[in-house]
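Here chain A shows up in two complexes: once beside chain B, once beside chain C.
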Partner chain A sequence: MPTLTERLTKGGSPKVNVERYRTIRTIVLVAVTAVAAGGFLLEIPRIQILEHTARNLYFHVPMWFTLMAAVLVSAYHSLRFLQTGDLRRDVRAREAALVGVVFGILGLLTGMVWARFTWYQGTNIWWNFDPKQSMAAVQLLIYGAYLVLRTAFDEPQKRGRIAAVYNLFALVTVPFLLYILPRQAPSLHPGADGNPAFSDFTAPSMRWVLYPAFASFIGLFWVIYTQRVRAALLKLRLYGDTD
Partner chain B sequence: MLRWLHGAWAVFEKDIKLELRSRYAINTMLLFVLSALFLTAFAVGQETLTPRIESALLWIVIVFAAALGLGRSFVSEQERGTVLLLLLHTQGGMVYAGKLLFNFLFVLGLNLLAMATFVLLVGVQVVAPGLLLTTLVLGALGLAGATTLLAAIIARTATRGPLLPVLVFPMLIPLLLAVVTATRHALPDGQGWSAVGDELLTLVGFAGVVISASIILFDYVWYD
Partner chain C sequence: MREPPLPSLRDGRQEMPADTAEAIYDTLWSTSEIPTRAPEGIERVMLAEDKLYVVLAVVLIIWFGLIFFLLRTDRRLDTLEREVEDRIPDNQPPA
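Now for the complex of A and B:
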């Protein structure tokens, strides 16, 4: 029976340059704080109806980009798990999906609240079948099913393999939504149906916050994801189990 | 290649024979579809439905019935202990192809039965029967394609419980949207074939993509 220290140190722990990791982490956290402060405090052009709600752009849109990044990371690690059978890949796929779900829910909520008071002002509509909203909801349902499926297995290898299969299998159906959803309901969303995309109407001054917001939200995802992965890898080495 | 086809056909033949011997799945699904459609008809009452709602109700019943019925296709092998025999005598791809063919015919029968019952019960007029039939066939292909791999996944879980609908419904949303629109155009006020080219194309593409992905991924589920 190996001792605790042996179990914690055996098996290639990922080579991390701790100094550099901490530097990047600090930069990300400072940048997220700066983006949040700038997003709320800086001047923005006042447009009728939109008014100050335009600030939502700084938070809502980067959250979607983060969800998309998380989906790609999760799918990549699922694929690599099927190729290698390395449980650390499975841990990474799960953590990317989990953190992605948090960003997705936040993106969905910020979008819903914003739309309620702009597009549907004076009505009582919270949920509308806007294609982008529906796609995000479907992706979140898929990850919900993925995480539930994981709990149905006791054996880590089998759990990892079958969860990876589901992760990839469900993902191939998502692109169809891009094609079929816009035909169901007209979209008010910027960038759809001849509505200008945000690059067309965003004032130059807003880009100084928006572009750093993309980078810092994805950075925030990366920090949370890597921290969770480190904790989960320690657990894996201690108990030999992923969940 | 010929050996492969032969193996897949053998798996299919075995499933058909077993099913005809007990008729458990067929009878269960028959009664499920009938009772679900009766519930729908009673709940709707004398109200006249728009074609959109008619096709939505019909497909909701079909999707639930398929998710319930197809969930058995690999679990039954586990319960009878015949998985090892299949592993010994066939390759993964043959098992998948045989099961897919059986599931496709099963869902197709289910679709036709549900449609016929629905037309009788709710008094739906069908304007474009050819289009409706095409939609039912393509919908059955997509449903069977998406569900067969997931049914194999369910058989590997410890509980083998009611997980299949949770797994399959988010994936079926593109399919459901396409079949509901196509069915609506086959009913009164619809525009027939001319309006649904994109939907039919989506159905063909959906079935092609899920079946191709299943063929690639099936071995990871089937072998330990």
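Now for the complex of A and C:
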């Protein structure tokens, strides 16, 4: 089995290793179940305004970490596609971006609900253009545009190349839109200007669920992504096209 | 409609405005004395922590449903992959 460095420099096979997929799938499904149970069952410090909604930390934040992992995977396969011209790489880039966007939408929606009953308690506001939320929405539009851009081309190689170049530029925007810009603006989101970041206020007991939650939801992304890749590779073999 | 005062999570009872439908239900509940019996059996677990564990049960049911769906899709992919492998060997370009 190739090491990570070998995989990154020479690249692993773009095929799906079904045996390994099944093993990781089992671990991930058990882990997500454990995270959900732990998220409800473990005692948490009761903080004013947050109350039990502090438990959202276990589910809302991993959505964004998963999006970031997903677009990294997507950009990696875009890069490999530009090197090799192997359409299976293009398939992987597309599926990773698509599943990543789904996790991002879930992150945005869960954030909206959480904000409505904490930041905006008693005001009936669901969306107030908080910089963190707005930038996150822009981020999702950028990746939505990647998926739309792909539909504009009929020739698989041309579509793959243009989409891959766009995808690499899209990745560059991620740290700015999700971290740098919202942290310089007056935002109610933790980590923003004047607000303590997650590492300053998260109780040690909560990290027993939070860190496994990051790994589990990224694992869940990987399972769904690999499943979709399997289906897409079948289609590629049958029809010789990716979209 | 005016906003009802937000109920406290900790004291376990909610203050309802007198002129809404909830107030009618509230009257029914307070006269029929249904929930006064001490919880026993599974209720001792499920009703604790402001009934938080009921939400956990709901979330787990949904999650297990999704797992079932995911595994079933995998089985269909297994079958399809075997069929395609039989008809188009891997080293042969698609027709």
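Following the convention adopted for this analysis, the second predicted complex is superposed on the first by the 205 of 243 C-alpha atoms of A that agree within 3 Å, B and C clash if a C-alpha of one lies under 4 Å from a C-alpha of the other, contacts with A are read in each partner's own complex, and residues count from 1 in each chain.
The criterion applied here is as follows: contacts are C-beta pairs under 8 Å (C-beta built on N, C-alpha and C of every residue); 3 or more make two chains touch, one makes a residue touch a chain.
Source: prediction; values computed, not measured.
In the superposition on chain A, A:207 contacts neither chain B nor chain C.
In the superposition on chain A, A:179 makes contact with chain B only, not with chain C. With both structures placed on the common chain, the touch criterion links A:148 to chain B but leaves chain C unconnected.
In the overlay built on the shared chain, the residue A:158 is in contact with chain B alone; chain C does not reach it.
Shared-chain residue A:166: touches chain B; no touch with chain C. The contact sets of chain A with chain B and with chain C never meet.
Touching chain A in their complex are the following residues of chain C: 3, 6, 9-10, 50, 52-53, 55-56, 59-60, 63-64, 67, 70, 73-74, 77-78, 80-81, 84, 88, 93-95. Against chain A, in their complex, chain B makes its touches with residues 146, 149-150, 153, 156-159, 161, 163, 166-167, 169-171, 173-174, 177-178, 181, 198-199, 202, 205-206, 209-210, 213-214, 217, 220-221, 224. Remark: chain A residues 82, 134, 138, 141-142, 144-145, 148-149, 152-154, 158, 161-162, 164-166, 168-170, 172-173, 176-177, 179-181, 183-184 touch chain B in the complex.
On the chain A side of its complex with chain C, the touching residues are 18, 22, 25, 29, 32-33, 36-37, 40-41, 46, 51-52, 121-122, 124, 223-224, 227, 230-231, 234, 236-240.
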